[in-house]
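See structure below.
Labels for the chains are A, B, C and D, by order of writing; each one numbers its residues from 1.
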Amino acid sequence: MAETEIGLGKSGRRAYRLDEVTIVPTRRTRDAELVDTSWELDAYRFDLPILASAMDSVVSPDTAIALGGMGAGGVLHLEGVWTRHDSPDEVLAELASLDDPAATRRLREIYATPVRHELVVERISQIKDAGVMACAAVTPQRTEELMPAIREAELDLLVIQGSVLSAEHVSNHDEPLNLKTYIRQLDIPVIVGGCASYQAALHLMRTGAAGVLVGVGSGSTGTTSAVVGIGMPQATAIADARAARMRHLDETGVYVHVIADGGMSTGGDIARAIVCGADAVMLGAPLAAATDAPGRGYHWGMSAPHATLPKGTRVAVEPRGSLVEVVSGPAVDMSGRTNLVGALRGAMASCGYDNLKEFQKAELMVTGLGA
Amino acid sequence: MAETEIGLGKSGRRAYRLDEVTIVPTRRTRDAELVDTSWELDAYRFDLPILASAMDSVVSPDTAIALGGMGAGGVLHLEGVWTRHDSPDEVLAELASLDDPAATRRLREIYATPVRHELVVERISQIKDAGVMACAAVTPQRTEELMPAIREAELDLLVIQGSVLSAEHVSNHDEPLNLKTYIRQLDIPVIVGGCASYQAALHLMRTGAAGVLVGVGSGSTGTTSAVVGIGMPQATAIADARAARMRHLDETGVYVHVIADGGMSTGGDIARAIVCGADAVMLGAPLAAATDAPGRGYHWGMSAPHATLPKGTRVAVEPRGSLVEVVSGPAVDMSGRTNLVGALRGAMASCGYDNLKEFQKAELMVTGLGA
Amino acid sequence: MAETEIGLGKSGRRAYRLDEVTIVPTRRTRDAELVDTSWELDAYRFDLPILASAMDSVVSPDTAIALGGMGAGGVLHLEGVWTRHDSPDEVLAELASLDDPAATRRLREIYATPVRHELVVERISQIKDAGVMACAAVTPQRTEELMPAIREAELDLLVIQGSVLSAEHVSNHDEPLNLKTYIRQLDIPVIVGGCASYQAALHLMRTGAAGVLVGVGSGSTGTTSAVVGIGMPQATAIADARAARMRHLDETGVYVHVIADGGMSTGGDIARAIVCGADAVMLGAPLAAATDAPGRGYHWGMSAPHATLPKGTRVAVEPRGSLVEVVSGPAVDMSGRTNLVGALRGAMASCGYDNLKEFQKAELMVTGLGA
Amino acid sequence: MAETEIGLGKSGRRAYRLDEVTIVPTRRTRDAELVDTSWELDAYRFDLPILASAMDSVVSPDTAIALGGMGAGGVLHLEGVWTRHDSPDEVLAELASLDDPAATRRLREIYATPVRHELVVERISQIKDAGVMACAAVTPQRTEELMPAIREAELDLLVIQGSVLSAEHVSNHDEPLNLKTYIRQLDIPVIVGGCASYQAALHLMRTGAAGVLVGVGSGSTGTTSAVVGIGMPQATAIADARAARMRHLDETGVYVHVIADGGMSTGGDIARAIVCGADAVMLGAPLAAATDAPGRGYHWGMSAPHATLPKGTRVAVEPRGSLVEVVSGPAVDMSGRTNLVGALRGAMASCGYDNLKEFQKAELMVTGLGA
């Protein structure tokens, strides 16, 4: 743990973004067809190491079903437009027609409408009825409130997510959710996050979660770093979580999955995240760029409507191709932003690795301003 | 103290700007309402760790009163337009109507008008009469001359400030102000600066000052680094002053406050400055961006009218919101430049700290080009 | 081998691009006329350490002949337009007249036309008949298929090239080319590549190749780094291959040439590549910028038409001067992109070295953003 | 001497530009009037540590006289327009009226006209007759040829200068100038350069020169780094020469002056060069920006007309103020490019140093992208 002296009274480690590292080809190569990109979380198997972010601009029940069909996972936010409105498609279409100031006002209204438990059940059921594994997210503040509906709908995988989430939250309101006791008692696998340090990842792993989301301040809708000064370059955040995973495995024999969340825009970024140590990635903006994404050309964070300190903003996204083209190809341009999985396969093949766990062993180099 | 070899005959330490560091979230979080941002200087308590710079574009008696009402401190410059002119508001309004060359000429005239002692008394009294703590600044060259008026008006907190100020100034004019003997004899708490190194901060602390301003060449109106080659990246300057504070405390038992001055533009910068070691920050440009700032859309340094080597220049500032919105919110956009204190609270809460002194212990990482 | 900690669970070495290093003048200087830029590969001697890339936008039989006449080597791609079409000049002229989308479609058609063995023989013979050494390239996938025609035409130097090529390829199609056994049995000198690490270079050297191409992801037509996350800054790639060359020489007594491929655009880049350890360089984009290049103002990679994951793209190139002016001068502007060899001679002379092998000993410095 | 590993087979030191270092204020300050900027070279004393570059766009006899009057030194090039033409002012005025391509052609003609010895004598005498110390430059190739005229005119200070100059030049033409024997026999103080490394500087010092010019590839008219790959960031070049000066002083008792040449554009750059170890600076572009500079709004290197590999180019320069304003002020803007000496005095005063030799001891910090 090499510290850099910031000044005589304070030191810190040097941290790296994903575009500051590059994967080094090895002395072996392999046909891309011989590469296995699957991973398993608890009892579930995914063909692709991709989860779609629990954001209304990224995941609707329809896109969740489409992603499930491709072998990826779409995480529906249970506190978003789909559980607050009867006709979310109309709401989203209206939103896409508004200019930015009007959209900001409308977003606040949309998320001021109450979450309805019967809609929670309905949306989850819609995904399950399509024969696809149902994944959905809640904030820790509302987890207990929404849990009866989640159980009723027999959700397959639960994500408990905040922009920064810790296993030890101090609150003076009502009793905050104690992740350490709460998760262990659930009969459904849970992913928790986000976090961005070795200690925070380790303590989230100790809650009994099946996976931990890693990433703070790297996503395209968050301006956490400028607004509050907090953030971790994603390559270092992942590599620190990898070390936490090793320690937790050593201590308990349980392998908790590290899921890189945010800071990735190309297939190359996904490959680099995995070599840093991620078992899978959670993607927002890259999937919001699909022509058939629910955001209809826009992308926004779920914390955007915060009244006094907005952390996210609605951003226009350049359309890249259909969701299938973005995820599995064929690539429609040379930007690396379509056929993300093809790119990952290509990276693994060029380095001679045949599965994700092996690929994590690939050599990285640190570069100045990209190779 | 790790030195880098610049060449075979000269070495130096690596220094960092505030935007080259990022705060790492910890394993704890906290409600933002449970965060305490107060600090105490001598007998005075401030709810917010913010002082407004002694610049005519930032602090008028009215803004000083407004800032005092919010729990911050507005430092009025006693050698500026307010103590030279009977109708400063008219002068400032005229200035705002001029183009840049005309404004440069007018600035020289404005500051060529003599400082009048009865105006010094009047302006200070105006602030005190509003029931607010009165803070004001002088240069070391004129401290003794203005002290009778300062005493008469019963100023609460005095700032003695130069762009680079040392405890040992060599002059061949009249006897220069000996800070080491002068400050100790005053019955009013004093903040001195600016300085930007461990040794300079330590010697200023030894003058008996209650606080030291840290920052040279980082402010938006100064071009010190290009003009004279001098300057210190602010993260390192603060961390060095923190070390000086520790040594001075160890030697004397007296805690001298480190006030970061310049180089901050967002709430994130303020949070980073505090984690580097600052007890409070002094802000110029971020407050000049208030729609009700006395600069009326412009910002200039108090050393701008220097005849042969101008170090500062009048710059137009983008209006961000009212002074209240800039300091305490609600945020009016997502730039991090409004609701500065809300952002600071958010940072402290995300890292689980409940007061500023604890927050100084947060972990920093050094980044390449920002997180 | 100094490792940098990316995070607690992953480390990597710091890697450098060619524009991050600069050559340090020594205490000796020399007339540029006294500088020898020749090198020998197997039985062949080149006056200039320059090979032209096996790309249709760079090398035609005519340019191969012109380059041979200058003492450089032009490598014709045997799976490109020249061996698929009877009238390649017409095809290339048509391509130059198309806009980008039409050109992308046309490129796919052009390279879908089958390679004809009699054209392979014909093109090679055309070069040999001009009295010039014939160099040509194939991919490992088609090496065995094309070898009879190559032998029939009595090719002088064979390049076996893929974007990332290893000595140990895993495939489930037919038996992949085993470079280790295949190259040794050939009676023609072979250059293989590309590779970009010490281990990969070492294993390619052990195949019996006379030279190894070094460079992955640095060329101007490849977007390997963004698309698949793989790549090596070229200065480090070359210096690693230099170490592999030393080890291979120590183990076997055989000196295998390191040929830097990609990432160079000026004479200064060529000089830096040689000081890093290259024996010669392979140039694409700098030669495609010749007014008489076959690409006619465009440049594209040979992997551009890949169906599902295009790695290269047709790019317009700024014309710089004739091929002779680009390679040997006189320089037509001050960009360093014409008279590449004159620049190299100037660099060697300024540092007092009289041949390439000596020049590899010159001192390098690492710079921030270029000198 | 800390080496960085570029790759497994090649290492190099990290080198810094002047804008990568910043001067740290100390615990002392001083009135700017109490600062002494003089230095002595052999028997001559300069009030200002500034030499004007031997370039036709910078120094004419008139500007040499003007600079001498200010206490600086103007070095006239004895192989430029002034010794080739009877009416150089007309030639320079004509040149300023031409567009770039025409100017490039005309420059070649102008410098193809032979140097006339009687003009050498005349120009030097003109400067001496004005009561100013006469400084002039020659290339090593023509030093012996021009020496009779130089002696006849009783030049005070001779500069022998090439873009890279070594004490050991290998040539196959006639016998090259042996600096080691030649300089010692002269009865006139000599400055030689440029060089940019410890060894090169040390060997130039051993020729008996009174001063060494340090800087390769940093000047604004040279594109050495891009064209030939050679160059040294100036802060490191100066600090290396400082170490050579210390060793030479230790070995011989003789103090040879280090004169930083190129890479400086503001007063801050000059201050940083001196703290790195320079005894004085040689300025080209900053003085060509004077409204009364002989280049009349243009600046070009003396090696620009090189036939096959041009290293320099005519560049338009933004006019900044009169020569007096540029050198001694008053400053006409806030760019740091006028009143260069005032800025230097300000830097020395802010750090409490009273002469140049003391100022060389000031502390430097290495910064990321400037303070």
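Quick note on the criterion: a residue touches a chain if its C-beta (ideal position, glycine included) is under 8 Å from a C-beta of that chain, and two chains touch if they have at least 3 such contacts.
Computed from a predicted structure; not experimentally measured.
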| item | value |
| --- | --- |
| Farthest chain (mean CA position) relative to chain B | C |
| Fitted rotation between chain A and its twin chain C in degrees, CA, nearest 5 | 90 |
| Type of chain C:chain D copy interface by residue overlap (half), same or different | different |
| Length of the line joining the C-alpha centres of chain C and chain D, rounded to whole Å | 40 |
| Between chain B and chain C, centroid-to-centroid distance (C-alpha), Å | 57 |
| Chain D residues counted as touching two or more neighbouring chains | 13-16, 236 |
| Graph class of chain-chain contacts, one of line, ring, star, complete, other | ring |
| Touching pairs - complete list by chain label | A-B, A-C, B-D, C-D |
| Complex contacts: residues of chain D adjacent to chain C | 4-17, 20, 162-173, 195-197, 199-200, 202-203, 216-218, 223, 225-233, 236, 307-313 |
| Chain A to chain C touching residues, read off their complex | 1-2, 13-16, 21-31, 33-34, 198, 235-246, 266-272, 275-277, 329-331, 333-336, 339, 342-344, 346-347, 350-352, 354, 363-368, 370-371 |
